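In order of appearance the chains are A, B, C and D, and numbering begins at 1 in each one.
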Amino acid sequence: MADLVLSGLSRRFGADFAVSGVDLAVTDGEAVVLLGPSGCGKTTVMRMVAGIVTPDSGTVAIAGRDVTDLPPERRNVGLVFQSYALFPHMTVAGNVGFGLKMRGVRGREAADRVARVLDLVELSALAGRHPRQLSGGQQQRVALARALVTEPDILLLDEPLSNLDALLREQLREEIRALQRRLAVTMLYVTHDQKEAMAVADRVVVMSDGRIKEVGRPVDLYRRPRERFTAEFLGQTNIVAVVASAGRLTTAWGERLEAEAAVGDGPALVSVRPEDIVVVPDPDGPGEIRHVAFLGAEVEYHVALPGTRLRVRRSGIAAGLFAEGTRVAVAMPERVHALEARP
Amino acid sequence: MIGAGRRGGSRAFLSAGLFAALALTLLVPLAVGFLWSLVDPRSGWFAPALLPGGLATVHWERALASPRLVGGVLTSLFISTVVTALSAAIALPTAYALAKLPFRFKRAVEMFVLAPLIVPGLVVGIGVGILFFRLGLAHSVPGVILVQTVGTLPLMIRIVAAAIEAIPDDLIHAARTLGAGPVRVGLLVVAPLAWPGYVAGGLLSFVTSFEEFEKTFIVGSPVVQTLTILLWQNLGGQAIVFPNAAVVTFILLTPVLLIFALGSWLPRGEGALAAGMGKL
Amino acid sequence: MRFAQSVSAVAVAMMLALPAGAFEPVGASSFNVRTNFDPKAVTHQTFEATLLGPARAGGPVVFYDLAESFTPLFTEIVIPAFERATGIKVEYRQVNGDQTVQQLIAAQRAGQPLHVDLMWYPNGQVRLGTETGIIANIPLSSVLPNARDLDPSAARVSRGYEHGGTVLPWHRNLTAIGYDTRTVRPERAPRSFPDLLAFARANPGKVAITNPARGGSGQGFLESAIMAMTTAECQARLFDFSFGPQDAEAWAQGPCLAPVVAYFRELKPHVEFTNGNTDTLNLIANGVAQVATVWEDQVFDFIGRGLLPPTVRLGLLSSGQVGDGDGMVIPAGTRNPAGALLFANFLMSDDVQVRKLGLVGSRTARVGVNVSALAADVAERLVPQDQVVTLSRKRIVATASAEATKRFVADVLQR
Amino acid sequence: MRRLPRSLAVALLLLPGVGFLALFFGTPLVLALVASVTADGPGAKGFTLANYRSIFTNRVHLEGLVFSMYLSVVPTLIALAISVPLAVALQTTFPGRRLFRTLYQLPLAVPTIVAAFLVLVLLDRGGMISRLLAPVGLSLPRMVRDEYAVGVIVAMVWKAVPFMTLIIAGAVASIPSDVTAAARSLGATRVAVFFWIELPMALPGITAATLLVFVTSTGAFAIPSLLGPIYPEPLSIQMYSYAFVENRWGIVSAMGSILSLVACLVLLAYYRLTARVGGGGR
């Protein structure tokens, strides 16, 4: 168990920066998720923590010790890959026991520890199988067990669920979260899936173009993003142009809103989540429903308003399903969150 | 990607070590061989002299003026080219069947295709020699081409089969639904997509044919005189004559070097080769 | 070249001469070659007149050469001269003699004869070639005008096998002892088998002996040892052409060879056996071997080509050393026997016979050829003439030699 | 056009390749097999096992067979010991890697006779290396025509290493980098990764390369003929002289059949080995 400090990490591949000036501190036992679109550098950061990629500049410190120049085998990290990266020529038990063997742990002790961690991931019955005889979910559990058995200082997971189908993905992400809590292991988790990130993380690190955009608790980043990128990447949102004047915000169709925090006068942007907007049929309303998508538990409407177009979500159809072409009145939440960026 | 520290460092040592080993095992022998081709016959090169008593180009001049040697170069190039083309043409359907179609006795067919690589060339040569006398193919260029193809076809089939295996079935199915018959699928979809296999298999076939000795010697010599046969005559058959052997060696290496330069410009060939031969 | 003149001279002579001594098949009632001329009409006098026309009609003469060192002599001198004189093309091919014999046999059996008109033929295979019928039964030694003065011991016998003249002894050669005067003064060079053993003991690793199984210089050395060490009784049939393989095996496995085997066993720890005639010569050039078993013509040729130091000299052991020479044959499958006969005759001409001695150290079997005009620096690359006269011996029958070699491998090398 | 029955289609596709090999490889092999049990010599006819018997009773033949095996096994093992680390080293990036990867393959295309020639020129007594060492008072042990066939082995290894390395490097390259990275993160050093991960995962390629080199060495003729000791002679050389000097094709065919049999046994052993290593599932 240990904390992790990255300072000024940079790495080029060819002429391009894959990672540029990344600073991050992860406290002991914390679960931090690196979130961003593919190519944003999150995997490279993780690989520099693992020691698979060497940084051009900057340092990595685990438990207060500078490990930047240490090879992977001397960092005591556990690594889980999107591809599982199981050793095809070893059984499940052989895979899980590999790290112990490398540390000179043998015999009874090794067997006990392998059995315990297999129990933890509920795979005891499959200990004698080879990886190719397992399903994807089982394989990833083996990879997890293999990474945990050596009691690593840091558990690193690189898109661990991306090769699994949706249902399994949700199930396994809960398991990972529960395990991490139970073992109180420091975890760095890389994903491009915002739901997964929010479900797993104590804190989320949003990355783009090799840099950290924003760091925060999932709820904060979702409700009160500073950056437009964060707002748009974490779930769906409506970016609405407003004009601020003495703390009051006015939309293009004349609705007046209140800002959560002080906003300087002049044009501004606010992020309004689709589920926070209410529409009701009103022949004189400013909006018109242009598109309706029935999603089961929810209905999504695309509403045209003067100068903009809003995405609105309602749960259930208790209030009825509005047809395309219906004129509606729009109710924004009373208090909205203004982004730092201005139009 | 894995490095024990900041990039650089130990990789320079690795590089230096590998190139030193290469120089010692390849460059030095070839340089000494080349010196032998330049020994002046008037002074010779006798122990304990470290260098020849004098240098002369007389061995080269004589070789390049010799119709036998020039003929040998042409014969070798012609035979190797035809062998490669023949192997490539014959290999495609069989490789496709092995790669994509399920059928009974597939394992047996695979082993049979492998067998010519397993049986020593001398044995194949002697057996084929007996047969070719009956067919009237002995001591003829077609006979040599056929017996060399026995050695190159298994390589080509295996390597091309591995390349075809890597082609997604969906592509073939898509082409069929778009109206291409089996033959056109083979020529327009499978063959172009299997080209890394053809590159690797073609290079290997050409080189194998070019340097082949035992089978050609038994079936073709003395009427068909490839470069390796001429080399044998200067080195072992009747006499070991270092300067002549050295000249023939370097004449033989020239096209080989060209082929290699060509090969290194064609990417992915190596991977296809390894895929074909990596598992028998 | 004198040849062109001789063609016209003979043509003139032909008009005056009467046909004499027609040529008959050897050992059979008919010829085993197809000819487009009448063999009965070919005499020394009518030779060229009868053959030139059919030879020119027969296409190029395909000629197989089994020796590496003669290539320049053939391709640069002899063949161009022959082509100029007769207008008949010669296709030259260098071959492996033993392999070609097998191919001729296989081709003959398959009924698809190999196209070769004249072949320099390995003399150890004359028995096999005659028995399998691949050699044309034309008595070359008596047919060719230029062969009229052959040494009688060479004309009809090759390595103890009597072939009746089908093999033309165009080349004579000696196995000898070579030594490098950089390290061995001529008076210290071994002159006898005991000398050689003593020298080898005193200079371990400095004597190179060609493996008799891999080279004639070694096999000749073994034959010379047999001649020197076995009883007269044991040698009784060594020049008897009826000494077949079974007889030879019994003889070689019997008590006769015991002293020879004993000698080689004593010699073995102190010498280096090599993989062939030229392998031995390269050891001399490398400064490793000081004394070695060699062929006279190869030493001569290698010195001339800068492959052996000019300090190497030759000598024969005092108990005598054997020599012989591969001869020319016309294969039964020839398509141009007339051309082959003309070319073979040309090879036996004075001029070719003299030039090949000066160029490649190949002696002549013709007694009438004057070879005394050799330059001194050329002559010293050969075995001294007095030793040739007194110490050169005929080779024993090939069957005995082959079986003795097997005994050598089993009882000397194997231990 | 009607669709061909599947089995007919397969047969038609297989025909060119398999038919060619059946005609020009299978038939001669059968002919050789027949010749090996047919009595030799002029006029001799009929079935005999004498040829095979003589291989196992005549000491010159038997020791030749053993020597053939020696000349197959030893160069193969040495080439293996060089090729596997080299193949792994080639996976890392280093300055001049592309050039090296082209150059090291060169001996692949050099005829075996040339390899023998270069060894003869360099390593024979009084050869280039001896001459270089002589001034400093060192001398080379006998490496050509010596009883351990060092020169033969050097030439064969020189020829085999590029071929083996090429195949093994391909096999190692196909190991996903994630797998080796996972092993490193689990505490395996570079060396441990080699022995525990890369070696076993590349095993099919390694054994395939081993097999092919073994077989090539078994039938090698030119190299032992030029560099080998004068006794024993490997079967390949004995075959040559029986065939072309003595005209005894029966024993030649028998020796060839024995060599082919050995090769087939090694092939079967290969299948057993790879089936076991890769085993455990489908």
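The criterion applied here is as follows: contacts are C-beta pairs under 8 Å (C-beta built on N, C-alpha and C of every residue); 3 or more make two chains touch, one makes a residue touch a chain.
Predicted, not measured: the structure shown is a model, and the values here were computed from it.
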Moving only from a chain to one it touches, give the least number of moves from chain A to chain C.
2
By count of C-beta pairs in contact, the leading pair of chains
B-D
Outermost chain relative to chain D, judged by CA means, is A
With chain centres taken as the means of their Cα atoms, state the distance from chain B to chain C in Å.
39
Distance from the CA centroid of chain B to that of chain D, rounded to the nearest Å?
16
What is the distance, in whole Å, between the centres of chain A and chain B, each centre taken as the mean of its C-alpha atoms?
54
Among the residues of chain A, which ones contact at least 2 other chains?
47, 51-52, 71-72
Which chain B residues touch at least two other chains?
1-2, 4, 47-48, 129-130, 236, 240, 242
Return the residues of chain C touching two or more other chains; collapse runs of consecutive numbers into ranges.
96, 99, 279, 282, 285-288
Chain D partner contacts - residues on chain C that touch it in the complex
96, 98-99, 101-102, 105, 124-125, 128, 131, 205, 211, 213-214, 272-275, 279, 282-283, 285-288, 402, 409-410, 413-414
Looking at the complex, which residues from chain B come into contact with chain C?
39-48, 62, 66, 68, 129-130, 133-134, 136, 138-139, 217-218, 221-223, 225, 233-234, 236-243
Residues of chain D touching chain A in the complex
176, 178-179, 181-190, 192, 196-197, 200-201, 203, 277-278, 280-282
Touching residues of chain B toward chain D in the complex: what are they?
1-2, 4, 11-12, 14-15, 18-19, 22, 25-26, 28-30, 32-33, 36, 47-50, 89-91, 93-97, 101, 103, 109, 111-124, 126-131, 146-147, 149-150, 153-154, 157, 181-182, 207, 210-211, 213-214, 228, 231-232, 235-236, 240, 242, 245-246, 249, 252-253, 256-257, 259-261, 263-264, 270-271, 273-275, 277-280
Chain C-touching residues of chain D, taken from the complex the two chains share
42, 59-60, 63, 120, 124-127, 130, 145, 225-228, 230-233, 241, 243-247
